[in-house]
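Going in written order, the chains are labelled A, B and C, and every chain counts its residues from 1.
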Amino acid sequence: MLISERVKIEPLWKIRLRLALRSLRRNWALFWESRIGPLGLGIILFFVLLMIAHPILMATVWDSRVYDPIVGFDRALVGRHPAPPSWAHPLGTDPIGRDVLSQLMWSTRSEFALGVTSALITVVIGTLIGAICAYFGGVIDTIFMRLADLVMLFPFIALLMVLRSVIHLDLWRLALVMGILSGFGGITITLKAQALTVKVKPYIEAAKVAGGGAFHIIRHHIIPNIMPLSFLYMMFNVTGAVFTEAVLSYFGLLDIRMSWGIMIHTAESAGYLGAFGQYWWLWAPPGAAITLLCFAFYLVGRGLDTVVNPRLRKR
Amino acid sequence: MAEILKLVEVRKLYPVKRRVFSLRVRDFVHAVDGVSFSVDKGEIFGLVGESGCGKTTTGKLIVKLVDPTSGQIFLNGQNIVLIRRGKPLQDFRRAVQMIFQDPYESLNPRFTIFDTVAEPLMIHGVRSLSEREALVAEILAQVGLTPPETFMFRYPHELSGGQRQRVAIARAMVIRPKFVVADEPTSMLDVSIRAGIMDLLLNLRAELGISYLYITHDLAVARYMCDRLAVMYLGKIVELGPTEEVIQNPLHPYTQALLAAVPVPDPTYKREPPNIKGDVAAPINPPPECRFLPRCPKAQEVCAHSPHPPLEDAGGGHFVACYLAGTWKNTA
Amino acid sequence: MPLLDVKNLTMHYTTKMGDVHAVDDVSFAIEPGEAIGLVGESGCGKTSIALTLLRLLPDNAKFLGGSVLFEGVDIVRIPEEEMRKIRWRGISMIFQAAMNSLNPVYRVGDQIIEAIQTHFPIDYQAARRRVAELFDLVGLAPELMDRYPHEYSGGMKQRAVIAMALACAPKLVIADEPTTALDVIVQDRILRRIDEVRKELNMAMLYISHDIAVIAEVSQRIGVMYAGNLVEFADTVRIFKNPAHPYTIALMSAFPSIKGEKRKLQGLSGEPPDLLRPPSGCRFHPRCPYATAVCTESPPEYREIQPQHYVACWHPHLGRS
């Protein structure tokens, strides 16, 4: 009789689930210990709350004619826009009469969407290319590495300006473009280096001897061993994406209706940015939001250092 | 006795990159330089030598981790050098496996023991999960990791070196290969654990009918494990024969020196220093005469003016590559 | 007076998961000019002892008791500045995998000169002459002084590291697996050379290795370590001909040899214990074929069962004297 008939072995999926939960708990403990990681996570949570709160507020307390972030207008204060903060408008109104807080909260959603999408695309491309270059080496490696050099040297903003004149550059397209461009850039080099350290390990030779082909080894051995690093880089990429969008919006290069960058752009093009202290509610909230969100993701990334790299762990 | 593996004049040369702007002909490292031997079915054939002699490269050539520069390798009569891809390659991989030296690095740290041992099964088409579980449990029990259920879902870092090496052996044996190359399987293990692993390999030979190529630098281990031995130096085999015969009656000066250098765990035994000069050279662009000439204490005129001596039969299956081997018996 | 007198040395490592009992109640002595071997497998504590003797332990090492008298001075308790004077001048060490302890960006000769000049106020030229002497002693050509480590072979690097250890003419040299990574012919040369040098300079040596064949050839007396304890200590012939501790006996029969009858090897079942939670009583009892109830309850005393033959076991084998 087979051993598995004599002894009850639990179904494989259950065992794997248990192992996965165990490792999740361990990684969480490490993440928590870093202290800056949870801080970053906390800030992100705060923004998530903002994001959730907006539709609730719009449905209950706020009148959509006044508080709509894009087309709202407060008649009561006509002639005094941009109005300073008050009970009705905790962060004041912008030059064309829209509530600043509402704008801030609404934009959070698109910032998240943009950042995470762009970072995800970048990391998926970078991981795949890095693994392939490391495994095959030779011509393939050379092509992608030279491509990466090219991408890194390329004037990113100039390209986007040109692109914008050709296509309608809204949020999703921007995420796609940024994601793809960064994906072939520096991250490929870093992940390839990491994949190389995996490729020379004896267990890769063992997998080859067992009969594993290139696809099998890349998929089962190389990619899982570089994914922690990919995940780490994803955090930093979110930061880059959010910041890039802000810069582009500020210069009016994008076709987005509303974002934190657009908020600053609106203030600037209406001429209110010159007098710093006087109209602070026009640039400080979005500026702080951009900085904080980027900072938060960066902190999460740093908090993941010990999770990703076991050698950094204290004894 | 049927032959299961046969190497004929196998060569592996690696180009060495010289300085950047050299226009000269490239240099080559002669890692394996014209090696021929055969292994019988059910035999354990030892390959011994110091580092850089080419024994590990020979092992890799046999499992097709690298391809030879020239020569033929026959597995059950079929020339495996010609196999490139597809079903013949998969069949080959089922038949020939390898056990690696480092128990810490030859297992993927993210794979459970089950994943590691089941990987060959998955690659070779054992689709049913329950069948894989059963086969893995069976082989784990056979290598001494009992009860298998307690080991299957652990990770390598939770196991000791000896246990990890047993897992590596299980992985090699799970698809029932015919030939296994064992590359120094015990050199990174603790002494008291080595005996267990060596005995396990001996038992598996009997139970599963496997033939081995056992690569080691440790002559005492080779004596314990191997039926026949080949001594390698700078990519060539200098002596070959039944183990006990080679060890008690070494004919090649290098073998004699090697045996004389092995420390003996007996404080009352006075060991004379080995009779050999110089240090091992790198096998780059070797000269045509005997490779061992610069270090040989017994070299004569004929050795400097003739090509590297071929392996010749000295009787009883004992071969030696030395022009002067017939002129003396054991002087070690 | 012995050159080195270790008494009841106890040292643990503090980790997040608890205390690792690396060295527990170890006592032995080394006379001037004597060669002592310390044999044991990985995790037995032999390297920890070596690091303790030189006070080169990591920060989480906790010293819990005992004393180490070097020429009468307890070097465990003296301040670091005092220890710095003894390190390399009184006691020096040849580290494991020594080829990695040479700095690749400095010439080998300069690295040794640095070691010398730290302890002696001599000028560069005088230091160079000393290095040339040392190289001659270990069998390296003097031109090699001005080469970089990557230009050396494995055997040459090992000799360079030995030269560095001898640079200040210490009274005791600790050699931690000095030849493990080397081929057998090179190993033979280096071990013979070390022995010649030792006799020439009348140095004491503490050889640490897992290879009992090597230890048999180089040591006059041998200590056997297991799981942080010194389980047996006697002169070399006695350890091999009359091993008293079951672990020593097991170790002897686990080694294949090219000489003598070909016999079946006896390994040890089980694993070395986890030093975070060592077994109760005698640490070897889970793997000992002769263990009885008392072995599981209390740790055996380390005592002299025959003249100059120490064992820590409740049931030591007492063969012919």
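To be clear about the criterion, a residue touches a chain if its C-beta (ideal position, glycine included) is under 8 Å from a C-beta of that chain, and two chains touch if they have at least 3 such contacts.
What you see is a predicted model; the values in this text were computed from it and never measured.
Asks: Please identify the chain with the largest separation between its CA centroid and the CA centroid of chain C.
Replies: Most remote chain from chain C, centroid-wise, comes out as A.
Asks: Counting C-beta pairs in contact, which chain pair ranks first?
Replies: Chains B-C share more contact pairs than any other pair.
Asks: Counting only Cα atoms for the centres, state how far chain A is from chain B in Å.
Replies: Going by mean C-alpha positions, chain A sits 51 Å from chain B.
Asks: If you average the Cα atoms of chain B and of chain C to get two centres, how far apart are those centres in Å?
Replies: Each chain reduced to its C-alpha mean, chain B and chain C end up 32 Å apart.
Asks: Flag every residue of chain B that touches chain A in the complex, lowest number first.
Replies: By the definition above, chain B touches chain A via 63, 65, 89-90, 93-94, 96-98, 100-102, 105-110, 112, 119-120, 123-124, 129-130, 133-134, 137-138, 141, 147-149, 152-153, 168, 171, 175.
Asks: Can you check the complex and tell me which residues of chain A touch chain B?
Replies: Residues in contact with chain B: 2-5, 7, 9, 12, 15, 19, 201-203, 205-212, 216, 220-221, 224-225.
Asks: In the complex, go through chain C and note every residue touching chain B.
Replies: 41-42, 153-155, 183-189, 191-192, 210-214, 216-217, 236-237, 240, 250-252, 254-260, 262, 265-269, 271-272
Asks: Hey, which residues of chain B end up touching chain C in the complex?
Replies: For this pair, the touching residues of chain B are 50-51, 160-163, 190-196, 198-199, 217, 219-221, 223-224, 244, 247, 257-269, 271, 273-274, 276, 279-280.
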